[in-house]
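First chain A sits with chain B, and in the next complex the same chain sits with chain C.
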Partner chain A sequence: MDELNALFGGFAVALSAYHIMLMVIGITLGVVIGVLPGLGGANGVAILLPLTFSMPPTSAIILLTSIYWGALFGGAITSILFNIPGEPWSVATTFDGHPMAQNGKADEALVGAFTASFVGAIFAVCLITFLAPVVAKFALKFGPAEFFAVQFLTFASFIGMGRGSAFKTVASMCLGFALASVGLDGVTGTLRMTFGQDELLNGFKFLVAVIGLFGIGEILCSMEDGLKFNGATAKLRMDAVIRTWKQLPGMWLTFLRSCIVGCWMGITPGGATPASFMGYGIAKRLSKRGDNFGKGELEGVVAPETAAHAAGTAALLPMLTLGIPGSPTAAVLLGGLLIWGLQPGPLLFVEQPDFVWGLIASMYLGNVVGLIMVLTCVPFFAAILRVPFSIIAPAIVFVCAIGAFTVNNAMFDVWLMLAFGVLGYLFNKLRYPLPPLVLALVLGDQAESSFRQAMLVSQGNVGVFWSNWLCGSIMTLGLVMAFWPALQALRVKLSGNGAVARAA
Partner chain B sequence: MIRREMSKAKTIAAALAASACLTSPTWAQSWEPTKPVTLVIPAGTGGGADQMARFIQGVVQKHNLMKQPLIVINKAGGAGAEGFLEMKASASDPHKITITLSNLFTTPLGTGSPFNWKDMKPVAMLALDQFVLWVNSEKPYKTAKEYIDAVKAGDDRQFKMGGTGSKQEDQIVTAAIEQQTGGKKFTYVPYSGGGQVAVQLVGNHVDSTVNNPIEAVGQWRAGQLRPLCIFDAQRSTYTTKVTDKEAWSDIPTCKESGLPVEYQMLRGIFTTKNATPAQVNFYVELLKKVMATPDWKEFMEKGAFNQTVMTGADYEKWLVSAETLHSDLMKKAGFLATQ
Partner chain C sequence: MSSNEEAEGSPLVSYRTLDIAVAIFFLIVAAIVITDSLRLGIAWKPNEGPQPGLFPFYIVVAMGIASLVNLAQALPRTPEGERTATTIPGIKRMAAIFVPAVLFVLATNYIGIYVSAAIYIGTFMVFFGKFPVWKALAVSLGIAIVNFMMFEVWFLVPLPKGPLEAALGY
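Up next, the complex of A and B:
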């Protein structure tokens, strides 16, 4: 119970009017940052980091983590309303969130997303509170082979999720891999597929692609459909929170699964983005309502949001205890810790208990404050859809362009975004699924590096993926997931044949 | 009429020339940025260069050292080539400065990206970052000699060296060590960041690393990693105890432990090529003010930096010799883009 005492000590630190004010400011800024695509949480925190050098470390980290929470909450808003993921981890939220908005249930989707985020975060904070030392040791077991196994599992859990043909899914995924391989090859240190163009040195940045494929693509499609948003006619009702909350307890199993997936991905450190995809994939596979996923199912919003937020929160744990950041934002925070004179690592909990427990207490408080703030704003967010298309569409294009520019401060990215927009429109028309491309683009790089690192370590022996129980079991699970649709189709076919045979 | 126009033009030109003569000495002493200054980081967020750049930004802001704001942006593409190419392209904009790591030399050599440090104007060397040979503390090797002997006695490529990036500083140090191992090579495993490398060593996924002090100090203090030697000519000057028993100054140099390899990484500032002496001078003075703050001294000690500061001709001389050193080491290791 030492942890509980320490935690109450932490609450005493975090619960002051000044700190609550910092949380409110941080979350407001974070929501704005999350809403603006391109200006990700990592950038937001990096920009504000120098402002905090004159503050005491505990106040500074409360402000910065609040921005982080705000960005995690805020990413869902544009995903649901306009099909534009403000953050990489909100891509999976668009799959069901945007159809819900089109069906006139934007408010329910928002409440569901915010609540799910909150549940995921609180689950992960509890984990950090009580299991930090044990969990930190688990993360040490992850070498290149284990990382690849996890990434393989993410891809595998995704196969068969596309609504169209499996071949179109594979084609889309391969295009994503090809795009991901442009730029510097981290293993050999040489440039690939840049064709001597300086602009391509950086490769295709995930955010630029996503803003174009989803945001601009969506606008092109809406223009064709008659210059209006579907769902704009929905009546605004103030009871959205209660209406949505009534539906949530039935999804406890999805919540639990996504929490576990999220924490695991946050700690290992896979990050919030793979967690959200995996959370969605698993829920689609295992939920009773899985067949409706993609058509506007609340559970399809809850699953990725819970996982993303749990991962985003859990990602702070390896940063504090091991000094490795579980996410880009955590990497910037890590730099902050050093500047405030705190050395992240195994001794941080021992040497700076006030700081650590103040931070953990502020995670609880920050999420409570954040939830209350965003829930009260739901009617306002949903009302944005009532603004006429002719006003909001140019505004969206404008914000998207700024977002694409911000990623690298390069005009080239804005043109690239427009090109991706056309590609997104074509994908939509030809009924190719976009998510596999996006997933391959965001994870392709890491998966490739891990695979090649593992091959270096094992000197080319593929058996390394089954060299221990941890890695072997994840890989095997991945293979089962990958071939599940094929197995299922086979079973259906066999039993179908049986039925036909009997009938004959 | 025409003549009058001409003479008028002449007088104006003469007046301009006169005023230029009058004002240029004052410019030389007191150029100041007229718009926000951009500090380009040719590396990703969270790394060593990024930390130092953001620290400088923080100190400038906290002590109000510059009237115009200092904006920090990351241009990490192509192992930093993106950032350096931007500096090269904006040769006549003195409102841009950049902070370097070894990729100043390694990126053009290793990837063939078309730039050289001579495409920029050197401002100041802020410090040299150290490299330390680390092993997991569960392993029996107590000295660099014991470890190198084990490498010599083992199979070729049996020992795994973890490091940040490929054909960059960590792999160059590894290649330099390999010249002392009697033909036995390491299996070099490239990771994306220094923190990750340290953790992979704690988890025994690699056998050794050449992490910078700041990347592995947390694990050293927790007793998980053991430093064997430091790749500098002299021992570190920081005598404050870092762990219960040891200070940075207690780590022997690699040379005294029988591994004659030296390598340090430049943490320096450059501005754009066409900057005038007055403009360079402004940045030199600014950085001097930064380095005079207690915050900076604390930062230096935390990362066990070698506090060598150079400006002007000394700095250029150092750059020339460092460039030769890098191209030699990379040529021997077969890392050149043209090889």
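Up next, the complex of A and C:
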């Protein structure tokens, strides 16, 4: 029961007035970020990351994870009330959430979504509490070859589990790698791809890319559609909570299924978005009321929300223990850890127990605080969307410019942000996935150096990746993932051209 | 996102054209990186390991191949590809936020980020949002001042400042 002792130690760290205040601030900011289109969890955390540089790491991570919880809650609000998914993983929530709002059951849908998020997150936190040290101990055995194998699996699963064109995923991911390689080469100290430009010496900073790709890109998309916010007014009476909670115990099986799907997708870096679609799909297929899905069924809100939040939370597990983020937001948090001088990975548990357990305890507390806050504040948050878009749009550009500037105190980065914005718009339009690009930008250097170290150890023999069962099985799984779309296409061809691959 | 089926206004670019353009963009990036990787060396040196150009080279070769496939898939004229990606009103609305954004960033160099942001938000509200001038003034100044307080005073994060802030003693 070492974990429980450590966890109580963590609660002692997290339960100070200062930290509770940070949680409240973080969740408020997060919900605002989640509600605003054009600002998501990943770039919200990215924009506010520079503000935390002067704080102690534990306080900083509590603030940032609270923003993350807030953004997860906030994404559901816009999906249900306005049919605008504030976050990619809220898309599945709109399927039943918005019809419920149109039927005048917006309050029930909101309460259902918030409760489901809470359950999913707590399930995943419990998993982290008891599994993280095990994974961390296990991960201590990792050498460069194993690290490269895990990183390879991460990237390969984007190809394997991504929806849409696998070639576009590959192109987007490789662009991320190429951008990551610009600047000083960490192994030999040579300058790469700078072409004599001093500004490129430090390479492309992922924060700048994220703010441009997501923030500015979203604004351009919304502007093009001439987006207008006109949503149903949310009337949240407190009896809605009790009314909704009475219906929930009957859905325990859906909760459980979504939790398991979510945790699995979060730990293997499938991420919250596929998890939410998978949770919705499974519930629709297995639920007794599956036929009503899409017409405003509470279970159709609960299933994707639970899975998305279980995944979003579980995504922090590989980030803490292996230094591999399971989601774009986790990738941004990982960047933060590195900036604070903390090396994520197995040693973090040994060297910084206060930090790790404080963080885990703050996940429990942050979710409880968050649930209470969002349940009471929904009418107020919904009022944000009554602010006209012509105020919100330039204000977001302003905030993005601040975020990009503060990374290096360089105007060059602000220009870069605008360029990434155009790129983000084009990618969005043509369905090039953005997460692989961001992940490659963050992890590119590490993946490259573990690859080169492994190759140095083995004197150029690729067989090193199959030298033991652990590394070999991860690599093989990675290869299967990488060629999954090709295998799938082959199978469809073999089983006759009539069968068309059905989208999950 | 795909709501342009009903194509209000005259079409400007089709998905096919856009797809081809982006694939070519990827190929140009690939060419640039390959050139520099070759300069850095992509060979294997005994006892030293891979030269710095090796990893980017193969990554970008993979990107080039994927982009060629994307290009090949985009080239045939299909009904899917002929759909309108962007209309002229659509691009005009985007320009309405983006061109001023470029001017805003340019102005930041001279008059500081707060003043230029206030002008940016204010003019956008008046011209795009059709707000009365006094409302635009109040909102844009409010946003600029709140941010100024947050960054310069509370969080002590220095942002680009111009003559006005200097006159105020910051």
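Assume the second predicted complex is superposed on the first by the 271 of 504 C-alpha atoms of A that agree within 3 Å, B and C clash if a C-alpha of one lies under 4 Å from a C-alpha of the other, contacts with A are read in each partner's own complex, and residues count from 1 in each chain.
Basically, a contact is a pair of C-beta atoms (placed from the backbone, for glycine too) under 8 Å apart; a residue touches a chain by one contact, two chains touch by 3 or more.
Bear in mind that the values here come from a model prediction, so they are computed numbers and not experimental data.
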Counting only touches as set out at the top, which of chain B and chain C does A:334 meet: first, second, both, neither?
first
Quick one: classify A:181 as touching chain B (first), chain C (second), both or neither.
second
Thinking of the overlay built on chain A, is A:202 touched by chain B (first), by chain C (second), by both, or by neither?
first
Have a look at where A:51 lands relative to chain B and chain C in the superposition and call it first, second, both or neither.
both
Considering only touches as defined above, state whether A:409 meets chain B (first), chain C (second), both or neither.
both
Touching A:344 in the superposition: chain B (first), chain C (second), both, neither?
first
Just checking: does A:144 make contact with chain B only, chain C only, both, or neither of them? Give me first, second, both or neither.
first
Classify the contacts of A:224 with the two partner chains as first (chain B alone), second (chain C alone), both, or neither.
second
Contacts for A:456 in the overlay, against chain B (first) and chain C (second): which applies, first, second, both or neither?
both
Would you tell me the residues on chain A in contact with chain B in one complex that are also in contact with chain C in the other?
50-51, 54, 185, 187-188, 190, 409, 456, 459
Using the touch definition from the top, list the residues of chain A that touch chain B in their complex.
42, 46, 49-51, 53-54, 139-144, 183-191, 194, 198, 201-203, 318, 322-325, 328, 331-332, 334-335, 338-339, 341, 343-348, 408-409, 449, 453, 456-457, 459
Residue ranges of chain B touching chain A (in the complex, touch as defined):
44-46, 50-51, 54-55, 57-59, 61-62, 72-73, 75-79, 81-82, 85, 110-113, 157, 160, 165-168, 171, 187-193, 195-196, 198-200, 202-203, 205-206, 214, 217-219, 221-222, 224, 295, 298-299, 302, 335, 337
Residue set of chain C touching chain A in the complex reads 1, 3, 15, 18-19, 22, 26, 29-30, 32-33, 36-37, 40, 44, 46, 49-53, 55-56, 59-60, 62-63, 66-67, 69-70, 73, 85-86, 89-91, 93-94, 96-98, 100-102, 104-105, 108-109, 113, 117, 120-121, 124-125, 128-131, 139, 143, 147, 151, 155-160
Chain C touches which residues of chain A in the complex?
50-51, 54, 165, 167-168, 170-171, 174-175, 177-178, 181, 185, 187-188, 190, 192-193, 195, 216, 219-221, 223-226, 388-391, 393-395, 397-399, 401-402, 405-406, 409, 411, 414-415, 418, 421-422, 425-430, 432, 448, 451-452, 455-456, 459-460
